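The same chain A turns up in both complexes below, where it pairs with chain B and then with chain C.
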Partner chain A sequence: MNSANSAFYKKDILPVGAFAAVLLTMPFWFEYVGGYSGLDTKIVIWIIFAIGFDILLGYMGFLSFGHAAFFGTSAYFTGLMLLHYSDNILPAIAVGVISAIIMAFIIGFLTLKRTGIYFSILTLAFGEMLHSMVLSTLQDWTGGDNGLTGLPTPMLFGLKMQGDNVFYLTVIVAIVMYYIARRIISSPFGLMLKAIKSNQVRLEYTGVHVARYKLMGFVISAVYAGVAGALMIVYEPYVASEFMGWHLSGQVVIMSVLGGVGTLFGPMLGAAFMLYFENVVSVTIGEQWLLVLGAIFMLTVIFLPGGFVEAGSKIKKKLMGGSK
Partner chain B sequence: MAILEIKDVSKNFGGLAALGDANLTVEEGTIHSLIGPNGAGKSTLLNVLVGLLEPDVGTVLFKGQPVLGKAPYEINQMGLSRVFQTPAIFDDMSVLENVAIAAYAARDGAYAFNVFETPSSAKPCIDLAKETLNDVGLFEQRKIIASHLSRGDKRRLEMALCLARGPDLLLLDEPTAGMARADTENTIKLLQRISDKGGITMVIVEHDMNVVFSLSKYISCLAQGRIIAEGAPDEMKGNPKVIEAYLGTESEE
Partner chain C sequence: MSDQAYFSVSDLHAYYGESYIVQGISFEIKEGEILALLGRNGAGKTTALSAIARMQDPQVHKGTITLDGQDLTGMKPFEAARAGVQLVPEDRRIIPGITVEENLIISQISEPIGWDLDRIYDHFPKLRERRSQEGVTLSGGEQQMLAVARALARGIKLLLLDEPYEGLAPTIVKEIEGIVREIKEMGITTIIVEQNAVAALKLSDKAIIMESGEIVYAGTAQEVLDNKELREQYLAI
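Right after this comes the complex of A and B.
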């Protein structure tokens, strides 16, 4: 039995190890593919966001169009903590993530009773409600359209959180959170989330409190969004009002679909691709880059509904078939 | 001892009485069949039992506990499982996963944040799932995605799913509808075996009289929302009221 257990843990070592190796070595190779320092940190932050989003969309089968609500709430609270309480990032991140969790409990409780398009529209509505609150009602605290400015340089035990320090912090967080996501997915809890996607009614009649699982799945995904939002402020001490907006919610959807939902790896790849495309490839293409990105998205959805991951497995199949 | 007591249950759908003062007692350990023409209220009664429908009046006691007003998952956790008329399974998951879900629900109750499961802690559940699949004859197919199973096998899978939950009472809604003769015979044998082995009480809604008479210890006949006749299979054979309910009388036509 113990050997079964160790084999079980080994199953995670390879993918998590590979993930860690790629991220940790990024500063050494990223500039050779046209990247620049800083963009790598941003990619890692978005990867964290995308992992959490996949737990909700890919595994539980709920498409949220309002995930910026959690990214943004956490970003604002992290920013406010840095501004008014202390430049230490630990309490700031903690408060940021907790605020996202509370927000997720409230929004999740109110939206998860509905499925499909109704759930998506409700989350979008809640997201935009928060967005407009940030812009108008709460602008004395949030800085309205200008965002939250004048934040101090974030610190961690006397260490300035800039450049490489931020990069390695986000990478470590990303590795831990990727590992946790893998464990969640392969656990009985993850099995219940997949069962929700498959047949909610059957699950309810199997004696499972479906509503609680849904709420927890939603909150877990909001934790990832909250961590990403908080790290974004550590990376760049400025809270933009767009962090709360539907554009950001839409971006994480597009990334996940491009990469291939329900695989964890797909949305991570999608996030890296999107940011790389937006910041590096767009320079080569010029003004029309958004058009090209749109075309790529459309072609992917039409011909490869499983995203990049599906493309990868198709190529792999071809190669394996050819070698026979 | 009575495991299920239905007392004076009525349900109206916009003036149409689907159930009118239905009274029914199911004894523990028996196979009890509900028969009756289409529209007699059999499905409505099952829906009331599992918490899908709330009746207008009446009480339902399961193991002496009131059932009405409870959520479906709570009723299931009390030990009452239902096999639906069209197989309700987790289509895009493997056969083994389907049953494992039920095994976890049996072990962990309605909710558990069991994220740190290891193979050795999960083993009892997986073993139970495999054993149950073996019982219904689906062990060889355990790695297949459920949607690829034949219709008959889907039903067997749903039965396994309900059985792995460890119910005291199993409700079966037309378990052999649309099955070929041989499949029906297999299902009869399977249900008989389950009943003999686990002492699980079963309530079966069925139109196939061959199934009803080969399995049941007790039969209740519903017509127009009321129990019009009940008794052992021998007493029910040729009961004029039952024949009348199925064929109708001249005066009605």
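Right after this comes the complex of A and C.
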């Protein structure tokens, strides 16, 4: 098993290295393609969110329409910690992520008994329940519709978490989490997730306690959402109630499908594309950008169900075939 | 081998929804024995086997199932699998989307673990050849092999084979027969459900014949082989 493990390590070096190189050099090339400082940080945060979402959707085969619940819960707790406890980001992020994990255990336990559309609708319902609680019952703590405002500048041991500092923090976190995701996918646990996707019932007859593994997969994806939610507050110390809303849940679904689910790389690409499109291309296109995005989404789903990744491999095939 | 029953079913009643299929059967097997469970189509053989493997369907309304001192009756499918029951169903139930080898590895994630991959491949060289091929793309006979291998990859106490020869070419049937013979030599307690009764009987110690959900005959396999009248009456062979 040891030799197999080291083979896995080697397999990871190239993609993780390439990923790190692209992200770390972003400040140097991003503005030449129309990007701007700040957008790069946001893209990296969404990439983290998308990686975790792909573990759930792409590998385990469960389409959650309520992942904002974990992003948002973590964002609120991170914000509350910064506001009331300390401006140090470490305890704030820790509490934020833990709150997302607890939420994932509760929601996962209640929703994972169902599959397919029933699971999706249940997660949507729970997500919206939390969203409306934020706006009503809990508004004394959450600031309701206004969001949580007045947060101090986040600090990391005397270092102001602004601009480049936040960018490099998120990049480091993203690299680590991408690496972890790759290891999860190639582990026996990852194999189990794939088997859950193709046939839960059959898997159960091999002696696997499927319900427990499903919950683990769900919680892992919520950890990624929670980390993303917490980093979003470090990036911009303001908690918007939209962080809990279905729009955000839908966005991560669209990103994943656009990029190509079940590839890790695809959803990351989808996340980058969507934010780039929303913030850069939209300026050139004007008000119609959402319409164009919708058209791109439809065309992708109809002609390239495997997303950008499928497009890439098709082009590669053509080129290779042409060179012969 | 002891004289006590290793596996026993007593007064088992199983339903598919409202349909009353297995109507109170009882039998015992000693450790290392092979039991042939025979009967015509619709006699309730597969239902009985599924009930023993504690599948979600059928529902057991009454009766007890005991294996090596453990009561299986209230167990969930994965708990029964952990207790040592492995069913090789007629449709083989290979997990799609993953390779032959992954199908084997996945059986070894939870305890108890049986044969390691090398031993499996030594016994089933075809599976080694096709280890990185998707499991469901194998031929019927190879899938049957994989299904049996997957059962052996777990630490099993009771092997349940549901019509292992069903729909296979005669040459493949020979191969599967060889595997079953090996299983017998290894001393794994086994129940074989078969319509092709002669092939199953030759390998079995005991035989049970079911008709309309009840046991109509129980004896040794040899007795059934010798008793032409009995075979004609219940098995039409």
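In the analysis below, the second predicted complex is superposed on the first by the 317 of 324 C-alpha atoms of A that agree within 3 Å, B and C clash if a C-alpha of one lies under 4 Å from a C-alpha of the other, contacts with A are read in each partner's own complex, and residues count from 1 in each chain.
By our rule, a contact is a pair of C-beta atoms (placed from the backbone, for glycine too) under 8 Å apart; a residue touches a chain by one contact, two chains touch by 3 or more.
Everything numeric here is computed off the predicted structure, so don't read it as measured data.
For the composite obtained by superposing both complexes on chain A, the positions of chain B and chain C are in clash.
In the superposed model, A:160 makes contact with neither chain B nor chain C. Contacts of A:183 after superposition: chain B is touched, whereas chain C is not reached. Between chain B and chain C, more residues of chain A are touched by B.
Once chain A of one complex is fitted onto chain A of the other, the partner contacts of A:316 are absent, as it touches neither chain B nor chain C. Once the two complexes are overlaid on the shared chain, A:207 sits against chain B and chain C alike.
In the superposed pair of complexes, A:216 makes contact with chain B only, with no contact to chain C. Annotation: chain A residues 188, 191-192, 194-195, 197-199, 201-210 touch chain B in one complex and chain C in the other. Remark: chain A residues 1-2, 4-5, 7-8, 183-184, 187-192, 194-195, 197-199, 201-210, 212-213, 216 touch chain B in the complex. Contact residues on chain C toward chain A in their complex (touch as defined above): 53, 55-56, 76-78, 81-82, 86-87, 93-98, 102, 105-107, 109-111, 150, 154.
Within the complex formed with chain A, the residues of chain B that make contact are 50, 71-73, 76-77, 81-82, 84, 88-93, 97, 100-102, 104-106, 108-120, 122-123, 125, 161-162, 165. Those residues of chain A lying in contact with chain C across their complex are 188, 191-192, 194-195, 197-199, 201-210.
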